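In the two complexes below, subunit A is the common chain; its partner is subunit B in one and subunit C in the other.
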Partner chain A sequence: MKRLCSHCEKAFANILVGREDKYLCRCCFYEYFEDTVHQTIVEECLLQPGERVAIGASGGKDSTVLAYVLKILNERYCYNWDLWLLSVDEGIHGYRDDSLRTVEQNRDDYKLPLYIVSYNELYDWTMDQVVSQIGRKSNCTFCGVFRRQALDRGAEKIQANVLATGHNADDIAETVLLNLLRGDHARFSRSVMEENGSYRTTDESVFNKIRRVKPLKQVYEKEIVMYAYFKKLKYFATECIYAPFAYRGHAREYLKSLERMRPHSISDILYSLSCISLNKEESKTRVAQQCIRCGSISSQTICKACQFKTSLDRGQGVLAVKRSGMCSLSKQTTQCCSESAERVSQYEADSNDAASSS
Partner chain B sequence: MPKVELQFSGGLESLTGGNKVVKVNFSGEQVVLEKVIEWIRTSLIKEKHEYFVQGEHVRPGILVLINDVDWELEGKTSYVIQEGDCITFISTLHGG
Partner chain C sequence: MVHSCAKCQQRATVYDVGGSKCDFCFQQAIIHNFKTTISRKGLAQFGDSVGVAASGGYSSQALVDLLGRSLFEREDGKTSRMKLKVTLFHIDFESPLHSSNSNIEVIQSLAAKYSFRLCTARDNHSCQQLWRETFERIAWKDFKDTSDFEELSRILVYRMIAFLAQSQGCKIVFDGLSAHSVCRNILTSISSGNGFAIPFEVSPADISGRFFDVAIHHPQYDITDRQLMRYVWIRKIDFVAPNLTLSRLTASVDSLTMSFLKDLEEQHRSTIPNILRTSSKVAVPLQFSYCSFCRVPVGSNGKLVSPLTWKIHDKKDNEEKVVTRLCKACQHRQRRMSMETFQLFLSSLMAFDKALEYKEDYG
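What follows is the complex of A and B.
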């Protein structure tokens, strides 16, 4: 039974937008989708005119649509954003090498510059090598940490002011569920603070840590796929070969079932998140410092990426993701690096003595 | 005996031997979409059925379009297929 578009009431509707119960024709849907993204950017001050924006680009549906829409908004509103595609090569044969070709297609279609950083270049480890050592469990734990730093490094290299990622409403809701299901209180608190805008510490500002924004945070995954479908945007649609073993899959299945029964569920989870207030202890902002190995901003002396890399180099990658293993490893790494730092200081002191006495 | 075109994308084409488009003739009158899904599950897809269906239902996370219209607007599984219809299945269950 055909329904008229609830916006223009002229054309027949093509899509039901679950988060607001709207029936929209293609044209009204494009306008609605682009306006939602624009409103998110403006209301939350995500991007400033003239900024260099690194768009985390995987060749997948979210980042493809993000790049396309940011380009449209840039031209429509004359924001003068300097848009770049920033891609990470994790070294997953048969997955990432194919998706990078799609990013290169995005580069050519949207005429945006592209910069690629690789795990191999940053850490001397590809994900294929990591998985050979640690097996099929906890792959995303390593990859997530490495990718986060890789994006920061890439953004620094191209001197971007801000990093935009394609996280959508489903992703954020899924992360909330995931952290609740795993009892990961620390990550849950962080996701609350990110949603409430209080995550950025003043120390991070001092260190000029790159800002991260999620312009698609209010749109549903369904809308992104439909937008790409109607606009005939090309994207890479294969699941990472290591993803089927990820715990996140359970949260995703559950969320999708919830959405089917009650489409509002996803936006309601985000609304609940925005209403949570943490007690003083939880919302105390962590002191940011620089990792003594690589200089990245971290809440610890040694950042997580360095801890993981050290454990892999020692053939102890599996231990890195076990709680007790992490404690003993981080102590060992800290001790090792402290000893190194002492040796450097002593060497410099000896050199100065030698220089002053000659 | 409606003849319809089935389209598979978002990775689902790997379940149909790489075929993004499959044309089928369904016998009988008043063939509902539920029957089409059953046919796909039992006759078209040979393995990894769990990527397409959950029990008898299309797996949550797979979008269904009937002639480029969201099946939510067309009665979902109770839609009666017409001659020349194009039914599209798009998986959203992959990285973005």
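What follows is the complex of A and C.
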């Protein structure tokens, strides 16, 4: 039975927005979606006018929709954002090479400049090589750490003020559940503090840290899929080939079952996060310092990416994800400081040349 | 391959987290865990009058048996140092979730074994009145799934238990919640927007004061369902199995969450301790109020939830304005139910709370 749109009551509805129990037609849904993103940006002061914004683009639906919506909002409200697409090539054959083609398509469609950073250039390791050494069990740990630093480096290269990622409400809710189920109270505390707006590292301005924002944090994954479908946006829909074995899959499965019964569960989880307060010991923010090896911001003397890289170079990748292995690895890593500092400075010189020529 | 008990080297029959154990050592470990929780968390003091919420399920039957053995048995033949006056409380009203007749028989046999008093809701006029005004009058078509039905039952049952305890002079009630049930409550609290209540859910002691003078503690919060089931089986204790026709896998949020936790625990054994440990890091808020419907503590990181004004009809059908505070879960519940049903529940529960607070009769 066809229903009328709850908003305009003129056109027939095409989509049910489950969390608000509203039936919307296409036009009203576009308006609802774009207004939600805009409201998030304005209320939480995520982006300022005139800033250079690096959009983490993987070619997937989230980053494609994010790039599209930011472009629309930029034109509509004249924010003068300088939007760039920033993509990371992890070196996963059969997955990343295809998705990079999609990112290049986005570059041409939306007429946004694109900058690609690769693991091979930064770390001399691709994810395929990492997985061949450590197996399929903890590869997401390596990829996550490397990707985070790669995005920071890429954003530095293009001199961006802000890095916008396509994390949506489902991702944040999954992360909360994941950290709770795994007993990772450090990450659970950080996600609580981030939601409460109280997570700030000290000396941020000293290190010129690039802000990370999530403009899609109030939007559901289903809404993103429907938006991309109705707008006929081109994106790469295949899951990472190493992802099925990730622990996150358990949290995702539970969340999807919960969403089927109670569509508002995801926004309720985010609301719960904002209500939680932590013990004083947990809420102490870490002091930011620079990694003595590569210069990136870290809470330790040597950043995690450098520790992982050293472990891989020495063929001890598995030790890096075990607590007992970290003690011996950290001692070994300090000995390699001078060698890699030279290579990083060489990489920076090459990249500066590339940026200035483009 | 025959495993030996890690303690006494007898033949092991239980393969637990702490190592293989024989039946006797396993029971001793459970009793020790139980008594340690009561003493370390200060759940009860010497000579207290303690109530036990006995539903007839394996968890509450195990609780009654553990309490009985803790009070009366010691290995050296001397009487136990724990001295508590125990009364069992049972809600024996009929509902689609359980039939009370079989429940009362299993509870009576265990109560007789340890000479515990048994007090039922049918014998209490106020509880009868509440049941008549709420459950017997609601329209079942209002419930889209069993989640709301289970939650409403729980809301009523806890209040009636608190009322019964108060009428019998018990300020402490022990609940049979196991580690799995506590984790389930934590996850459902987060997923229903009641993350504020996490520190109250995870604590074995009732620190919320939600039922005024009566505190409902969970001395089995550290014991898993698997251990309780094993204990009940070894001791040959009768219990009433849950109604499986109504508790299908996806029938309710509670059953979905419980099955998810048990499946995950099969692959990752430390899931339950992880959840308990992480949740215990959440700070207990200093300032909070209570949801007028379900009595769950509500607040938001130091701020109180904004009150809502409702027009409800009292018993004489006079309309009056009441100020209420509703938690997120109850706000959603109100949208799912008809206004009439919700107001009926709300008015009855608020009047019952008033009677509980001022130690008066209800109805």
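Quick notes on this one:
Quick note on the criterion: the second predicted complex is superposed on the first by the 329 of 358 C-alpha atoms of A that agree within 3 Å, B and C clash if a C-alpha of one lies under 4 Å from a C-alpha of the other, contacts with A are read in each partner's own complex, and residues count from 1 in each chain.
In this text, a contact is a pair of C-beta atoms (placed from the backbone, for glycine too) under 8 Å apart; a residue touches a chain by one contact, two chains touch by 3 or more.
It should be emphasised that the depicted structure is a prediction, and the values quoted were computed from it without experimental measurement.
In the overlay built on the shared chain, the residue A:Met226 is in contact with subunit B alone; subunit C does not reach it. After overlaying the two complexes on the shared chain, residue contacts for A:Ile15 are found with subunit B alone; subunit C is out of touch.
In the superposition on chain A, A:Ala237 makes contact with subunit B only, not with subunit C.
By the touch criterion defined above, A:Arg248 lies against neither subunit B nor subunit C after alignment on the C-alpha atoms of chain A. Of the two partner chains, subunit C is the only one touched by A:Cys275; subunit B is not. Using the contact criterion defined above for the overlaid structures, shared-chain residue A:Lys256 touches subunit B, although it does not reach subunit C.
Once the two complexes are laid over each other on the shared chain, residue contacts for A:Lys137 go to neither subunit B nor subunit C. Residues 253, 257, 260 of subunit A lie at the contact with subunit B in one complex and at the contact with subunit C in the other. On subunit A, the positions that touch subunit C within their shared complex are 21, 176-177, 179-185, 188-189, 196, 247, 250, 253-254, 257-258, 260-262, 264-265, 268-269, 271-280, 282. Across the complex, subunit C meets subunit A through its residues 145, 147, 186-187, 189-196, 198, 250, 253, 256-257, 260, 264, 268, 270-271, 273-275, 277-279, 281-283, 285, 299-302, 328, 332, 335. Residue ranges of subunit A in contact with subunit B, taken from their complex: 1-3, 12-16, 23, 58, 60-63, 166-168, 171, 221-222, 224-226, 229-230, 237-240, 243, 252-253, 256-257, 259-260. Per the touch definition, subunit B reaches subunit A in the complex via residues 9-11, 14, 59-61, 63, 65, 68-70, 72-75, 88, 90-96.
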